[in-house]
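Paired with subunit B in one complex and with subunit C in the other, subunit A is shared by the two complexes that follow.
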Partner chain A sequence: MSMARNSSALASKSLRGSAISATWPGRLVVYGAVALIGLALALAPFLFPDVRSQEVAARICVFIVLVASYDLLIGYTGIVSFAHTMFFGLGAYGTAIALKTMGPGFEAILLGGGLGVVAALVLALLIGLLSLRVKAIFFAMVTLSAASVMMVLASQLSDFTGGEDGITYSIPRLFSPAFELLSDAEGKAVRLFGVPLNGKIALYYFVFISALVLFLAMMRIVASPLGSVLKAIRENELRAEAIGYRVVFYRTTIFCIAAGIAACAGILRAVWLKYTGPDVVLSFDIMIDILLMVVIGGMGTMLGAVIGVVLMTLAQYYLKDLMALGAEATGSLPLVPDLLYPERWLLWLGLGFILLVYFFPSGIVGTLLGKGGQK
Partner chain B sequence: MSNSPSIRTENLSIHFGGHAAVNNVTCAFHPGELTVIVGPNGAGKTTWFNLVSGQLRPTQGRIFLGERDITTLSPSQRARAGIGRAFQLTNLFPKLSVFENVRLAVQGKARQGHRMFARTAALSGLKDKAMHFLEQTNLAAVAELPATALPHGDQRKLEVAMLLAMEPDIFMFDEPTAGMSVDEAPVILDLIARIKEDASRTILLVEHKMDVVRALADRIVVLHNGELVADGDPAEVMDMALVRDIYLGTGADEVA
Partner chain C sequence: MSDTSIPFRTRMSAGIDRFGGVMLLPVVLAFIAFVLIGQPSTWATLTIAGLAMGMMIFLMASGLSLIFGLMDVLNFGHSAFVTAGAFIGATVLAWLGFWVTGGNPALNLAGLLLAIAAATIFGALAGWFFERVVIKPVYQDHLRQILITVGALIVAEELILLIWGGAPIPVPRPAVLTGSIVFAGVSVEIYRIFAFLLGLVVYVAMYLVLNRTRLGLLIRAGVENREMVEALGFRIDRLFILVFMAGSALAAMGGAMWAGYQGLITAALGSEMMILVFIVVIIGGLGSIQGSLLGALLVGLMANYVAFLVPKMALASNMLLMMAILLWRPYGLLPAVKR
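Now for the complex of A and B:
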């Protein structure tokens, strides 16, 4: 990775241009795909105006942030944590509880979300300082138990959290479909490309721009001196220590940063959904989704988060529909329609995942950019 | 030699179970002095190095850097305090580029590791310095290869480049020429000789090759079974009957 980045700076001094040019088609594919996805997300309300597509686009935005922040840990630093949904949940529940109790205002989002982020930071600091000195497997266990405790708390403290049912609440009027950003002479919302410019659009762009800012901040972090130390720790912890880097400090720092960003993603999720419950922000299913998305995209590649999230989310939302179409089209053939029966979509998703891992051992982006070996 | 020692150990011991790998070693080293530490395999040379650079904690005894007691400091604190160490078993960041390996050492010295929002690629000071050390060690041409792709001799050079990049006061080399070809070793020895030109630096060197010892040593310390058995002028020490016995062959049964 640093090879590629340093390449331009050192090109004049280097004799090894071939190592870089060997991967240029891969880079073209990756950067092209990410640019397309970015463009599609930026214009999503106009390109895909139906409700379900809006939900998919917003979920992709939030999960790109969530998965990229998890990649800071597992891919860049080599920290295995199972508590990422816990931090995601803290941001979401903080926002949700504040919106419920204080009413639908921005100050509720700011205060509740802020408290959620602070809680995530404090918890991450405690877990980090107490246990980042121990071996990776013990640390993973600690995070797993912390996440379990948080789930129990969320379901037991039902006065605050709504228990298993979660919390439903309203969000600021600016974000409601009835709110008109621009109204014409007849008092209706102005339409752009046939799409009314109402609060729903404002809400989507609130999510999109926040996610974009967070993602760019993470891109910056991994390209910073701090990012290079993280990679050094992943590669050889003892040597990083021997050249003067306090490994525990750096590990705790990035653990807190990732937790804070995950909590911010939680705020976005809570505001978008107008509902927060254990299933949508805390469950281990989400943790597993995050892991799969990181692996599909490629660990230690920020852009991998984008590709992994998009592929996985599209499969989760549309594979069933696609299979239903396929089953219909092949209705006259033996066996094939049974295989394509929509309820079997998880089978195909699993098969697809196995093939991906087989052909892209370092994840899609990792393999295309020629980064690293097999994990 | 300068008057006050730059680094010294006092009754330094470490026990692994009942075995004393380093036993009661007291000695002091001065700026401008190159000391070669010799002894058969298992004599405790590398263990003593690990105690000084902090990878191991002593069972007993103290370590001083100048006047400062550094016995309880972590390896990173010692590195920042000025103790630099090159390792015997190559100990690099394997998937990172050669350049990045050295740049990380420069960045550690410059204490820039915590910066989150600066772009590494834009910090030209770090970059130029790293290139400077790569040129010194004849590694500039392979700067962009991953460290793991280098042949063994070049990996040893990279170890030395990283040590230089730390710009320490105390240079610790653990068999820097081990496994290097005959034409490669002189590059490293030249570098060590050049480090020595700066009289503020203290150099500790574990080495087996007698020609290296003769060419570079101001002083020789002999370790045997974890104990310091001889210390002094190279010619004298090499002449001692005891040293000949344990080091130059007849003591083959002593090898752990």
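Now for the complex of A and C:
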């Protein structure tokens, strides 16, 4: 009754028939949706100029990277880690501490972020070598413990990390709204489609383009020979080992890669928010969000990360508003308004998530692309 | 008890094994702490606190470990039972009001036992529901088990928030168990003694059931080789329900005890404890009650000693302990089965 055999049984179930029933309408829907999302994100500052939409768009960009890197682990290799926010946090805290101590400058972002990424890589290597050789369930527990220790450290080493309050800092002047990319004769920022071309736009595109590059890099990784080996390990660990691939080596490698990319996402988040604290980069809620996003979108499909992130983030930002309306409208009934109270949105999400895992274990994209099929 | 022998063990390790093998670790830990702390009375207080804490964690961890050992199910929703047990215990104690806070020791104890019983019964019922509805469809499938139980954990936590709200709730502690007694210069909180004794009773009961009854025999056989038990014609699924209910009930009982110990509880209680519980289960080895007890005592002692010596390292120390033990024994100290 080995774990490996069990998880590979799942994987082969969910991938059975991918060659036979690749349905083209499904493909069309997925690729269309992803193209639409990509376009919307690329033009977000002009399409949705208000502050909140900008925030949503930037969050989506960062989380696509974070969730896709997590998918490298859970979807492509079959590793269940709960330490992904830890790496995300390392990148973010590295950048934040450097920006705070060295002042706002690109060298601070480079140095701090670089150190954060290196720390994430080293930690991932240690955890990987120590515990990736044991069973997947052990690994899940080890990473969970490591992540919570990191959380405690972040709140206790308050001289460095600002404790529970986190750190606020300023970012390079190029990214501030007061900076004009192009100024006209009167010294004001040139407007394009009614949107001033200021530092805020530069910051958004910095986040967007970095996220795009990272995402494309991950697409390349899963299409590479390395990606094939990972899938082989997920499908049948013993067989991969027997063919001659050193499973522990490959698992540790992908764990380090995913950790490094998560740390990069952390840098982007830190630069965009101008604030870093346990709640926005380290908390277990974010880990749960990542897990939900991957599973909703579809494990083992990079595009699933995009769809999952967009759906979840929109739900987080806008479903709450809707539920508040619902709670008001049903205010006279017993219990119903309590259930619709905006803070309870996770309850519904959790229920939906359980149903999804039961009935569509391969997620939205996996189902649409014909990779799944019901059990 | 599992077989921990190694083929070519040296004379020295054979000697250590004769005196209890890895079971000596808490004693060694206590001795090291004694040297580091230096004051016998402080050391004794810390040790008793550590043992009491360890016993409460044992209650929560043993169920998880047994469920994993028998059913091969890792229930990430386990902490929801802990939290629910804590809140139900607190609610019952608050209802009983005068019983608990009044001067009559018998009523005090009856009130506390009633609260713990309520939590335990709830744990068993919720466990039955959980096993039937949530876990049964995903046996044999670890990835979906983890996902589903995490989903169930979210739902359960939200329901607890819905019912009891997010604000911390004070837990009335029975009058007879408040305060402390001073014995030979060592002051000991009475509640800790109670927690330790209750844990000990549960451990002995579990040990006897597992080792002296037919049911226990079946469960141990199931842990070792599930297919064989099934092939011999036993209804393994009934055992599963039973063990799952017992494990959840123990978690709820541990939660109720912990609520009384803390005095102020929030909905985050379960997830905070869960880290320690996981560490205990990993240290002890999955599926064994002795391992859980050993791990829980180690973690409880470690947490208290380190909190006194180097306060900032409290949680990290347990993490380091786990790392060290995993390096030494990758399957934990006393695994029931090496799978």
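In the analysis below, the second predicted complex is superposed on the first by the 309 of 375 C-alpha atoms of A that agree within 3 Å, B and C clash if a C-alpha of one lies under 4 Å from a C-alpha of the other, contacts with A are read in each partner's own complex, and residues count from 1 in each chain.
Criterion: contacts are C-beta pairs under 8 Å (C-beta built on N, C-alpha and C of every residue); 3 or more make two chains touch, one makes a residue touch a chain.
No experiment lies behind these values; they were computed from the predicted model shown.
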Inset, instruction - Applying the touch criterion given at the start, work out whether A:24 contacts subunit B, subunit C, both or neither, answering first, second, both or neither. - result: neither
Inset, instruction - Report for A:344: first if it touches subunit B alone, second if subunit C alone, otherwise both or neither. - result: second
Inset, instruction - With the two complexes superposed on chain A, say which partner A:46 touches: subunit B (first), subunit C (second), both, or neither. - result: neither
Inset, instruction - Figure out whether A:227 sits in contact with subunit B (first) or subunit C (second), or with both, or with neither. - result: first
Inset, instruction - Would you sort A:80 into first (subunit B), second (subunit C), both or neither based on which partner it touches? - result: second
Inset, instruction - Based on the superposed arrangement, let me know which partner A:241 touches: subunit B (first), subunit C (second), both, or neither? - result: first
Legend entry - Contacts on subunit A seen with subunit B and repeated with subunit C across the two complexes: 2-3, 6-7, 9-10
Legend entry - In the complex, subunit B residues that touch subunit A: 53, 55, 74-77, 79-80, 85, 87, 91-97, 99-100, 103-105, 107-109, 111-121, 123, 126-127, 131, 140-146, 162, 166
Legend entry - Of all residues in subunit A, those that touch subunit C in their complex: 1-3, 6-7, 9-10, 74, 78, 80, 130-131, 133-138, 140-142, 144-146, 148-149, 152-153, 156, 284, 288, 291, 295, 338-339, 343-344, 346-347, 349-351, 353-354, 357-358, 361
Legend entry - Interface residues, subunit A side, partner subunit B - complex: 2-3, 5-7, 9-10, 13-16, 19-20, 217, 220-221, 223-229, 231-232, 235-236, 238-247, 250, 253, 257, 372-373
Inset, instruction - Give every residue of subunit C touching subunit A within the complex, in rising order. - result: 68, 72, 74, 134, 137-138, 140-144, 146-148, 150-152, 154-155, 158-159, 161-162, 226, 271, 275, 278-279, 281-282, 286, 312, 315-316, 319, 322-323, 326-327, 330-331, 339
